[in-house]
Every structure is written in C-alpha cells, then in structure tokens.
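The data blocks that follow each hold one structure.
After this come two complexes, each holding subunit A, first together with subunit B and then together with subunit C.
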Partner chain A sequence: MFVRSDDKITSGQASLFLTNTVLGAGILTLPRSVTESAKTPDSWMSVLLGGLIVMLVIFVMVKLSQQFPGKTVYQYSKGIIGKFPGGFLSSLLIIYFIIIAGFEIRVLAEITMFFLLEGTPVWAIVIPFIWVGAYLVFGGINSIARVYQIIFPISLFILILCYILSIRVFDINHLRPVLSEGLMPVIKGLKSTVLVYTGCEVVMTITAFMQHPQHAVKSMLAGIGIPMVLYLLTVIVVVGGLSIDSVTTSTWPTIDLVRSFEISGFFFERFEFPLLVIWMMQMFCNFCSFFFNASLGISQVFKLKIVPVIFGLMPLIFISTMVPKRMNDVFAVGDAIGRMGIILFILLPVLLSVVLIIRKKGLKQNV
Partner chain B sequence: MWSTIVSFIPDWKTFMQAAITLVCPLGIYYLYNSLYSVVGSGRASKAGKASGPASPEKMATQTSPQLSGNYNADLISIKQAIGENSDVHFREFMVYGFNVQAVLIFIDGMQDEGLINKQVLQVLMQDLKVDSEAITLSSIKEKILPLTELSEINELEKLQEKILFGYTALIIEGMSTALLVGLPSGSKRAITEPVSEGLLRGPRISFSEVLSENTSMLRRQGLNKNLEMKLYEVGTSIKRKLVVAYINDIVNPELLQEVKDRISKIDMDFIAESGYVEQLIEDNYMSPFQQTQNTERPDRVINSLLEGRIAILLDGTPFALIVPVTFSMLLQSPEDYYERWLPGTMYRILRFFTAFLALLSPALYISFISFHPGLIPTQLAITIIQTRQGVPFPSVIEVMILEVSIEILREAGIRLPKPIGPAMGIVGGLIIGDAAVAAGIVSPFLVIVVAVTAISSFSVPMYSTGITLRILRFAGMLFASVLGMFGTILFFLLIIIHLSKLKSFGVPYVTPFAPIRFSDWKDLYVRAPLSLMKRRPEMMKTQKKKRRS
Partner chain C sequence: MCKRHPLLVLLAVTLLITQSGCWSSKEIEDLSLYTGVALDTGELSSTEQTLVDEGGDYFKNNKLTATLQIVPKKSAGGASKSSNSVNKPQYINVSETGDSVLEIFRQFSVRLDRPIIGHHLKVIVISTKLVEQQKIEQLMDFMLRDNDIRPSCVVFLSTGRASDTFTLKDKDDIPSFHLREMVRNRFRSSKVMKPVNLSTLDARMHSKQSFVLQNIIEAKGDIELSGAGIIKGETGKWIGSLDQDDMRSMNWIKGDVNGGTIKTYNNKHETITYEIKSAKSKITSKITEDNKVSFHVNIESDGRLIENWDPEQRSTKIGSLKEREKIFEERLSIMLNHLMQQMQSTYKVEVAGFGERLSIEHPKVWKKLKDHWDDTFSKVPVTFSIKFTITDYGSFNE
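Let's look at the complex of A and B:
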C-alpha cells in the first residue's frame, strides 16, 4: 500500500508516543518533589521502583487492550461493563486528561513567566500554546507521532548534553550514604514518583492504533523505559550535583543545576536556555497527547465528530489551566492528579480486567 | 466546601479569554477551509470529464472529417480553414510523368528547406522513374520518397493542426491520405549549463525547451530497456506534450497510477511551464513548501528515477518535475554524490545548518535582543547593546528594514540586465549596509546577522526552497517580536507540525526523520560511502529493493 489513509502507527512510533506523553514536567520538578518526600539521597531508588511499578501497571493495561484489537478503552469499556458504567468510567478518564492538560500548560506558563517572559499575562502564553496544540491534534495520530519522532531526538540530545556537562559539579558523596535509614524513605518517595509517570493511561488508546498490536507489550515497556531512565538520570545528576539540601529548597532544581556552572568560550555559557527550549517542546508533546486523548475519548464516548470536539475542548482546557490561582495551587493540582491516577488505575484496567476474566472464564460469555 | 470551590471559579475575564480561545481558531478554520475549497474547485476537472486531456490512444478514436481524395475539394477546404494565415504557404506542382497535381503545405520558417527541395521536390518533379500507370500511396512510401520520417494522416482537422505546428504536408491528386514529409524545425536554443543548479563537478548538460531533446538526454544516460516514457497531451486550448518518465521495474505501481491519475485530471487551457503542472497536481496548495522538485539537470532526474521516483517533463520548458519529494531532498545537491563521501557529508551538514540559520536567525536575534539579553554571554550582550544605542527603533522594525531591503536588492538583481546585475547588488549592499549603520538606522551587528541569513538562504541548493525559507523567516520574526523565545519555539513547532502533516503523493514529507527509516539515514545528514548504499530508499517502496545485481 503506497498511499495510506488508515490511522495506524508503527511500534516505534507507539513507544515514542508513550515516552513523549510521560517525559515532561518531571524533568524540572521531580528531583525536588521526590527528595522532599524521601528526605534521603536514596530518592533515585524511588524513581526506579516507581518505574518498575508503573511498568507492571502498563503491562496490565496493554494485556487488557490486546483483548480488543483496534478498539480504544472508550470503546471496549462499554462492551465489558455495559454502556452507562463504561461511559461513566471513560468520562472520568477524559476529565482526568483535561485536568492534566491544563496542569501541564499551567506549569509551562509559570516557568515561561519566571525565566523568559516576565510580566507577560498568563493568557498570552497559554492561548497560543493551545492553538498550536490544536493544530497538531487536527492532524490525527499519525501527524502527532511524526512530530514526536522529530522532537524527541533533539530533546534527548540536549538533555544528555546538559547532564554530561554537569558532571563537573557532580559529587558522588551527595548520593551517599545509600539506604542509611532503610527502605522506608524509598517507599515514601514513591508518592511523588507516581505523579511523574501519570499519563501512562494513554497506553489503553495507543494500543488500538498500533499496526502490529501483538508487539504492544514490548514497545510500551520500551516507551516507559526511556523516560524512566531519563528521570533516574535526572534525579541522580541533580541530587549528585546540588546535594539534597539545596534540591529541597529550590523550586526548579534542574535549572539551578544547569545554571550553577558556566562553560566559557562557548556561545551559550550557560545551558539553562537550551534546556528550557527542549523542555518546552516536551511539554508541548505532553499537552498534545492529553489533548488528543481527551478529544478522541469525547468523540468516541458520545459519538461526535472529532473536529467540533477539538474546538470545544480548547476553551475547556483554557479554563482548567486558569483555575489554580497561585503556584501552590498548581502543585496541589499536581498532587491531586497523582491520587486520581491511582484511583483511575484501580477503576479502569483492574476493574475491567477482573470483570472481563469473570465474564469470560466464570460465566463463559462472549464479550 | 462550597465556598472553596466557588473561590476557585474563575472570573468573567477568564471566560472571555476562553471565548477568544475558541472563536479565533474557529474563524481561521472556516476561512482556511473555504479558501481551500475555492482554490481546489478551480484546479482540476472532476474525474471522468471528457474535456480533460486524453492519452494518445483516446485521441485517435475521435471521429472528424476525413480527406476525401478529391484533390481540389481537399485543397479548398484546407485553404478555407487555415489559408487565411499569412505564414501558411502552398506550393503546387505537377508530379513528373504521372501528370497529377500535388501540393506542399508548410509554415514559413518551420520547414526544413534543404530536405524538402532535395528529397521531395526534386524526386517528384525530376528524377521520378515511371514504371507503373498510376501513382499510389504504397509506391510513394516504398519506392519514391527517401525519407525516414514519413507519416500518413487522414483526418482533416488533425492535418491542419499538424501543418500549423510546423509539419510539411504533401497531398497528391487522387489520394485520400496526406503525407507529412517534413518535421517542424523551428529555431531552438543551444544546450547550455544549468543556470539555476550550477555545479563545479558533474555533467554540465541541462535540459532545453524541446521535449524530444530532453527525453533523448535521459535515454542517452545509459542503456536501460526499462526506462519508460508515457506521452500525455495537456491543455485544452493549446495542446502540449507531457512525458511521464519512470523505470518500469523499480517504480511502485500504485505511485505511478496516482501520478497518472492526477495528470489526466489537469484541466487548463494552456500549460505554459512545468510550474503549472506542479501547482495543478500537488497535494496541498496552501502550503509554503513545494511538493514537487523542479530541476534542469538530466543527471538529477535519472538518479531520482533510480530511487523509484517519477519525472514529469513538459514540452517548452527546461524544468522537469520530480515526484514525490521529501524535505531532505530539498537540501541535497548532485555534487554530494560526485565528490567523495567526506566532503559530501560536510556539505550536507552545512546545508542543514544554513537552512536553520536562514529560517530562524532573525527571529533569534529579535528574541535575544528584545526579550532575553540575559541568556547570551554578558560580554556579547553588552557589545550588541552598545552598538544599538543610537538605533531609534525596536529590534523588530530594525530587522524588518534590513530584511526587506535585502529582498528588494535580490529581486532587483535578478531582473536587471546581466552586466549591471552583480555590480548593482554589490553597490546596493555596500551602500545599504554601510550607510544604514552610519545613519544610525540599524546596528552593525544586525548587518552581520542579516547578511549571514541572506547568504545562508542562497546556499540552499534548490532555488524554490530558498524562497520558502525566506517567506517563513518573516513569519518567524513576527512570532519572535510578540512572544520572544517562547514565540520562536511555537513558530518552530508550527513548522514541524505543518511538515509532519504534509504529504507528497502519499509519502510523508518528513520521511526519513519520521516515520524513522534508519536505513535511509545513510543519505540524510551524512552521505554514506557509495559501497554502503546498497538499497534504494525504503520510503519509496520500490519493486526492486537492492541497488546491486
């Protein structure tokens, strides 16, 4: 087939879709939030442990989605637990996606106002961002996947470059002692690492778009593995570079780390600027994933055309962006999103899988 | 509980802004859609419309009045139809020995006089051996006229068209068939070096305005029985020949069908240049990016054919079109392959860098100077700001002044007669650059930025791509002037999104970046050694994957 009109993505594109959905805000905030809750240099273990748990979660989601090839969670949830309960759960997921989309933009706007555009009103940053995002979402899953494939290598390159350059301030002693207070701090740290992996629910929709859904487990695990490794690196480099005391007191520790050294004789003496650029592009990817998933969900649950749905979501996302008043509210929303993520996991994949197993094995029904 | 929730409900201002968020894109969406459909409706006829061009076979089946065989009647009807033209000449004579009348009809200036005199008139009027009673069509063809190019024609209208196009027609009394004895030999240009795609190393041949010469140039690249050329006639009022060339056992048949379909849908009275074809068959006519590649180099065409692409050649223009095109092709030059692989690779990387500069450097300048001087090294920032001290404009206006004047210079340089052109460019550039700085309108640093930008945009090997980058550069400057670095990032994202949405004949424009095809990356940033490029580009989905036997 030469001219393709079907909405299918390759396994690699699916992996990157997940990576770009998860990798974003956490680059700047994760080191502080995880160190705050763990209070020991072992926070990196929380990231690792959190990643492994999320991998398990994703495994469940993929396995569930593979039972219904070509169908998204919005479609098959109706088949499993009936029309209205399924629609209700899907709506919860959609609201969750809209809230995250708003949260992502808000964080981006706060950072932009703090570092780049002082004194610019929030709406002037948020509205163009939503518009550009909508332009991408109109293109459908294929365009989104292609944009991700272009942006991710750039981000990866700059990110790794920043980390390599920050080796000069890296001190292994900042990461010691290992497990001085036992495993408890690591488990406490999990609370904030879960937040950083939120958004992995998109697995339940991407699997439907895969050209070869049978490879879904492998590509999704790879897709979550990349951000896991990058987040792990971030925490290790930032905590190792700044020590836990200064990490917990700074709002954006990663930027502080990159600001803390200068490379003279280079055009950019400080690397916070390229870091901010790629971070913004990652945030854009994050936002578009949630925007796309929310609009897809609404159009599938309520059987609407996708174009009016995208238009309708634009002001909705804008309002959800503007609801938090202060920075603290924003972080509170972030924590709430983390909790919602856990609840949604129990409600959606776990409940659906249990019902499915009971209906198939116990009642021998054909779902 | 309620009071907390109520306290978080945004005020009416936010709702107004939300309304703006909705209304603006909605307006743009409808405007774009209506514009798109308006442009699209005037572009091609609906499929299956008879007024469209037809392939040669179809043309033959159309019935029209035939030559009757009555010499006088035929001659009169031809004279009535085209005899009014001052340049149509009728040379009547008697065929020696048979005593039948004959006439040569030709257009003044297009007949090959020597050939006609010697091989037709002389033969028929003097040297004819009378060995049978009557002169017949077969005897003329087989025994009398010593010509390689000799064709018969029966239809009156077709005959008139051919005569007007420059063929010399021979009608002999008693025959209901006219003979075309001479090919049109109008004036034509000598083959020159390609003007728009000069190379230091590589063939210096370029296409000319004559289609048959162009196709023969492709044929002469080497022996290959699979190089196929299909003839089409385009244009409803003035018909022109168009050739679709491809390599039979490489090209993807579905792609070929798509190209043929689109060409047969062209509906226009006259196709003046291959640019018309390009605009009538491209996928997205609202995009600033070209979706076909134009070239005047036969070597470029043949290389593309071997990659599984398709070339479209039009009579009357030296520019052939290559489809489908991807973004990476626009930054490639044939010289990359002719030089050894290390220099080739260096040129490639350089061009990606210059494309980036040509697109974004004024935008970056504006955002750094107006919004974030803190992000560039302090020393540099101080220097730039010192040089800008006398400048009375914000940096956007400053950049616009210089960019616009550079564009004017460039445009004037092309239009001016050749001897003055370069001198004018240099003088204008010096005066504008030097005097504008001295007058305090622009800063010297900006002159450097704009000059680098301009030179970068000229180093892009495809002229049309350079134009695209220059147009987009102005858009980038607007974004940067409103939102600084944030705006520049949004602009960059917009371009990436647009490119990702764009397709050329079903091939995503940004392949092999996305969808990633690593095997095609050998010919992207690097030009891998030829021995490593064993396969044709994967994106073309060719029939024969391997380049080697």
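Let's look at the complex of A and C:
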C-alpha cells in the first residue's frame, strides 16, 4: 500500500482539506438563516462580505502558524503563552471541534431520517458514521486528504448539476430590488453567515502538515474561496428560485429548491435523492476533519497516543450528537457554534499573535 | 492484516452487518401511490354515510372532504392486461371527511389494505367553496410540512366539486396526469396560466398579497382549464373568479404569453384571427411628487394573420396589414380594460404583477403601500400602449 511515512500533504490537498472542512451541512440551511436575518433579497452580499472577512481571519491564522513550521496550534500555543494557559486554550478548541463534529452528524441524521430513511432509528445512522469516520482518522492526515480528493469532485458535480437544472424555476425578479434598504440588511445578515464558515480554525493545524508551508497563504485562501463561491451560488440560486418569502418558511431551503421541479424523461426525475446521498459524503468529510483535529489536539496537549484517543472520542462524539432533543435545540447548537467560533478567534489567533508580537518585538525574546 | 488488527476486522464485520440492506424499506407493490388530492367542503359520500351509520365514526368535525386518486388500482404483479381492463379505470378515487388533512389520510389506513404514500403527488385541486370557508394556508399547511409530498406538485382551484375533476370519460386516462399535462399547452393558448407549484404558493401565501390560481371546470366527464380563482391576500380566502379572457389579459400584462390567438371582427363583421408568435410586455411605475403611483404597460407582439373570413379584403399590402393590426390592438385593449375593471372595481384586488414591479422599481414606496395594496391599486391609473406587428400571412398569399 502507498503509505507515506512523513505524514505531509501537498498544497492542493491542504486547500481541499480546508474546503471539505468548511463545506457541509451549512449549505442546506444557509439561504434561510441569512435571509431571515437580512430580510431582503440582498442576502447574497452578506455571504460575500462574510467570506471576505473570514479570508482575513484565515490570513491571520496562517501567518501565525507560519512562525512555527511543523507545529500545530496545540503545540505552539504552549510556547507563546505558557504551558497551562496554552493547554487551556487548546482544550477550548478541542471541545469546540467535538461539538461541531456532533452537530454535523446530527444534522446529517435529521435530514436522512426525514427525507431518506424514514423509520430508521437515529443511532443506526449515527453510529456507523462515527465508526467509519474513526477508521479514516486512524489513517492520519494523508489518508483523509486523499479521501477528500476523491469525494470533492463528485459532490461538486452533483451540486452544480442540481443548480443548473434548477434554472427552470429561477426568476431574477426574486433577487430584486438590490439594496432597497441600504447596507444595513447586508450587515445584519453577516451574523448568520459566520456559522457556515466555522471550522476554518483547522487552518492552524493543517499548516503544520504542509509539505511547503511557505505556500500556505495561497492554498488556504483558495481553500476558503471554493466554499465561498459555492455558498454565494447557493444563496443566489435558492433565493432566485424560491423567492425570499418561500425561503424563510422552509426548514431546508436548498433541498426544497431541488424538490420544487421534476425533470421528466431524464434518467432521474427528481434530484433531491442524488443530492442528499452525495452530500452525505460531504458531511462525512466535514465530520472526519473535526474528529481528526479533536483527537490530534487531545493527543498533543495531553501527550497521549492517538489511537486510544480516537477510541475514547467515539462515545464522546456520540453523546454530543444525541444531546439536542428537538429540532430547535439542533439549530440552537448551530447558532452557539457560530458564537463560539467568534470568541475562539479572538482568544486564539488574535491573542496569540498579539502576545507573540509583544514578546518578539517588545521584549526581544526568542520564542 | 487479520492477525495484526483483530479490532479492525471486528469493526468491518459489524459494519457489514449493519450497512447491508435497508432498515426501513417498503416494497412499492405494498403501497398505494396517490397522484392527486382533491379538497372539498365536508360532505359525507354515500359510502361514508353508510359507514357512519354502521358505527364508523370518530372525534371530528366534517369540515373538508379529501379525495385521493390512487394509481395503479392493482399492482402490476400477476394481473394480466386482458381486454376487459379497457373499460375499467386505471385508478380509484377514495374520499374521507374530517377536519385534519393528515388525520383523514391516516383514516385511509383503516379502509385500504396498502398504506398510502405521497411521493408521486402531482396535482392538488381545491374547490372554491372550501377556500371560501377555510383559509388556504390552513388547507396547505400539511402539504408544505410533509416529507413525502414534493413542492413540485401543481395547485388548482375548481368552481365545481373538486373531486369531480378526478373522473374522466376516457377510462384509460388518469385524470391527475391529464391535469398535470394540460398546463404544458401554454405554447398554444394564452388562457393557460403559468403553473403554480407548492413552493410558489408558499411564497404567495407568505407575502400576504392577493394571487390567482388556475381554475378547472368539469362537465360530463370532461375538464377544462377556465380562467382563474382569486385568493385575497389578507384573508387567504377565495373571493371570485376571472374568466378566460381576463386570464388572457393577465398573461399579456405579466408577459407570460407564449402562444395563442387573438380573434376579432373587421369593419364588415367578419372573423379575422391573429396568431401570436412572440409577445413582450413591460410594466413601468411612476411616482408623482405628491406620492401618487401610476403604471404604464407597454405591450409588443409579433404575429401572423392566420385566418380571414372576409373574401373582399384580402390585400396583403403593408397599408391593409397595418389597418388590421389596429383592429387587433383595439381588441386586446378592450380585453385589458375589462380585466382592469374586474380588478379595480369588481373585486378590488391586484393580481397582475403590478405590485411586484413597484417593489422592484420603488422599494421604499412599496414598503409603505404593501399592507393595503389591493385598496390602493383600485385608485391607481394604469395606461397601456399596444404594438402589434403582422409579420406574415401564412402560405396563402392573397
């Protein structure tokens, strides 16, 4: 077998790793959440603006990580602010990753139970996913990246195909008027676009695995650029196809868009099933990224071997999946993740960078 | 491999057991697929009445009757396609009365052997009488929530009893498919409305603006798309119907004309007919300084002189073509004025897309007016300019 002992990934693989970490369940609810808070058809601008802000965030994270080649955030945070504070911040990040991993699987299970496998118990969907995910995570970052390389083109193809076919219900008037109430709605919409970009924190670990860390800025910006373009496309196509009135009343607007037309005389008549099945793989990628990062974090912070950590995390993720009882709880977890993402950004890259600059420039210390 | 990772092998075996096969699979032969739902005011059918007399009653109010069209009547397995199947319909219609759509649907489980499933629902027909009594939001709530019913199914109104549209003279034809296919004839007639599917309906209901749905009428086992029923936005209830000519005028204003004809009489009262090749329309809104709204609709169309009953006026010179263009333009303008009359005086609603246009061109004004748009519109001046061009006269050049 082609096992690479050095555990390094190419720049392209790193981009895809980031893309597949960010691009997940968010795409199915994004049009509703952003339109609900923006209340005008300008919600697509919020997605664009949010993406640009996240690019800035990622730039900060990459620049910080590049100061410590070959080291992940779990390792260098100790070096910058000391063993215990660093360990504490890393633990927060780990908890965050575990919560998102659970959330992704829960959303996946909810959709599967509602649209595909009515009657299958939730654990029968969740547990196999965690097992298969664990199997992939055992293989390390290289295997994960290669699985992503296989899955991403397929899911991209199906997604774009669905959007192209949905042109028959697209009406440009649904996206008008543009900026009827000024920029305020766009800014209000920003707070719900944050959630769809969560997970970009993995930049601080994958930079350490890159073969050429000097290319990290370029490849990470490309990695976030792909989901940004796809999110933008999603909001335009879904709002244009359904109009904001219908989008705000729909629990899963992107699926409803695909459900609102039939293509007779084609191989498939209805496209929500191919989309859901393929998008499940995408959510699996998502989950594996967070699973991997959480287990890597625990093993590096607490100096443990990774294999027992992975096994130990499996029940923990299962619990975090099953905690929300109602659909409202699931969406509340989603919003909470968005807020945690912002707090973590202030705590980790910003705080660490500031301390690092003070120590290097101000105190002339060698970190 | 096996010796090194017994745990992994165990994992793989467990996965194999859980992953093969489908947990909640149901054989399609064991399901009743319904392709049409008709909603009527609650009236017990004779079968139901007898069932009630026999003691088959439960806690409910008879507010609505739902009729399902189940296709195929018997699953393909075993039943041979013999000649006697020609005279028997390929579907069955079953009705049940109650006051919750899902409860009614579940009630079929105690009447039918195979459970019903809505994955292939194509059309929903609602009787206007029912929408007079109940809000359309109430009737459609379940359809929008359900996971089987796709938002792609088309919604119609019927001024008669909705369940009657589910019985056709031709027994081989499945009425719900027939209805579904009829809306494709838009390229031949401007009397056919752009189909309104569940997701469009959802948007219309949520926006609280008045809208129209295609109306169906039935006579002796034949059905016809005839005009449109108006649903008032504020109340969500049916208030009246537009006839076939109003339907055409509405399509002209919205620019939804894909084909069809305009027939009128020339100065000698002989028939002349114009076949529409292309039609364009543009609504522009104007706001005067004292915040008064007015609209102008510009309609342009290319077409062909396709029928002429007047043997004396056969000239195809530019001059006489232009004269006929004028006659056709006048005819359309009469039709449009009739629709405006209906909208502004008779029903006091706006369903022809003026509001949408205003919201795009003057969003700030629209925001102030949208809550009482129907009333505002009844006093808004609307002007039309119509330009027809007869580009050719078929293969009969005289």
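Here, the second predicted complex is superposed on the first by the 363 of 367 C-alpha atoms of A that agree within 3 Å, B and C clash if a C-alpha of one lies under 4 Å from a C-alpha of the other, contacts with A are read in each partner's own complex, and residues count from 1 in each chain.
The working rule: contacts are C-beta pairs under 8 Å (C-beta built on N, C-alpha and C of every residue); 3 or more make two chains touch, one makes a residue touch a chain.
In this text, all values refer to a predicted model and were calculated from it rather than measured experimentally.
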| item | value |
| --- | --- |
| Superposition on subunit A - do subunit B and subunit C clash or fit | clash |
| First, second, both or neither for A:69, with subunit B first and subunit C second | neither |
| Partner chain in contact with A:182 - subunit B first, subunit C second, else both or neither | neither |
| First (subunit B), second (subunit C), both or neither touched by A:273 | first |
| First, second, both or neither for A:128, with subunit B first and subunit C second | both |
| Contacts of A:82 with subunit B and subunit C, given as first, second, both or neither | neither |
| Touching partner for A:256 - first (subunit B), second (subunit C), both, neither | second |
| Subunit B region in steric overlap with subunit C, selected from 61-69, 133-141, 313-321 or 475-483 | 475-483 |
| Doubly contacted subunit A residues - partners subunit C and subunit B | 117, 120, 124, 127-128, 131-132, 135, 270, 272 |
| Residue ranges of subunit C touching subunit A (in the complex, touch as defined) | 8, 11, 14-15, 18-19, 22-24, 144, 147, 150-152, 197-200, 202-204, 206-207, 356, 359-361, 363-364 |
| Touching residues (chain side subunit B, partner subunit A) in the complex | 8-10, 14-15, 17-22, 24-26, 29, 252, 254-255, 258, 371-372, 375-377, 483-487, 489-490, 493-494, 496-497, 500-501, 505-506, 508, 510, 513-516, 541 |
| Parts of subunit A lying in touch with subunit C, wherever the complex brings them together | 114-115, 117-121, 124, 127-128, 131-132, 135, 169, 173, 176-177, 180-181, 242-243, 245-246, 248-250, 256-257, 259-262, 270, 272 |
| Residue ranges of subunit A in contact with subunit B within the complex | 1-4, 10, 12-13, 112, 116-117, 120, 123-125, 127-132, 134-136, 139, 142-143, 145-151, 267-270, 272-273, 276-277, 280-281, 284, 307, 311-312, 314-316, 318-319, 322-325, 329 |
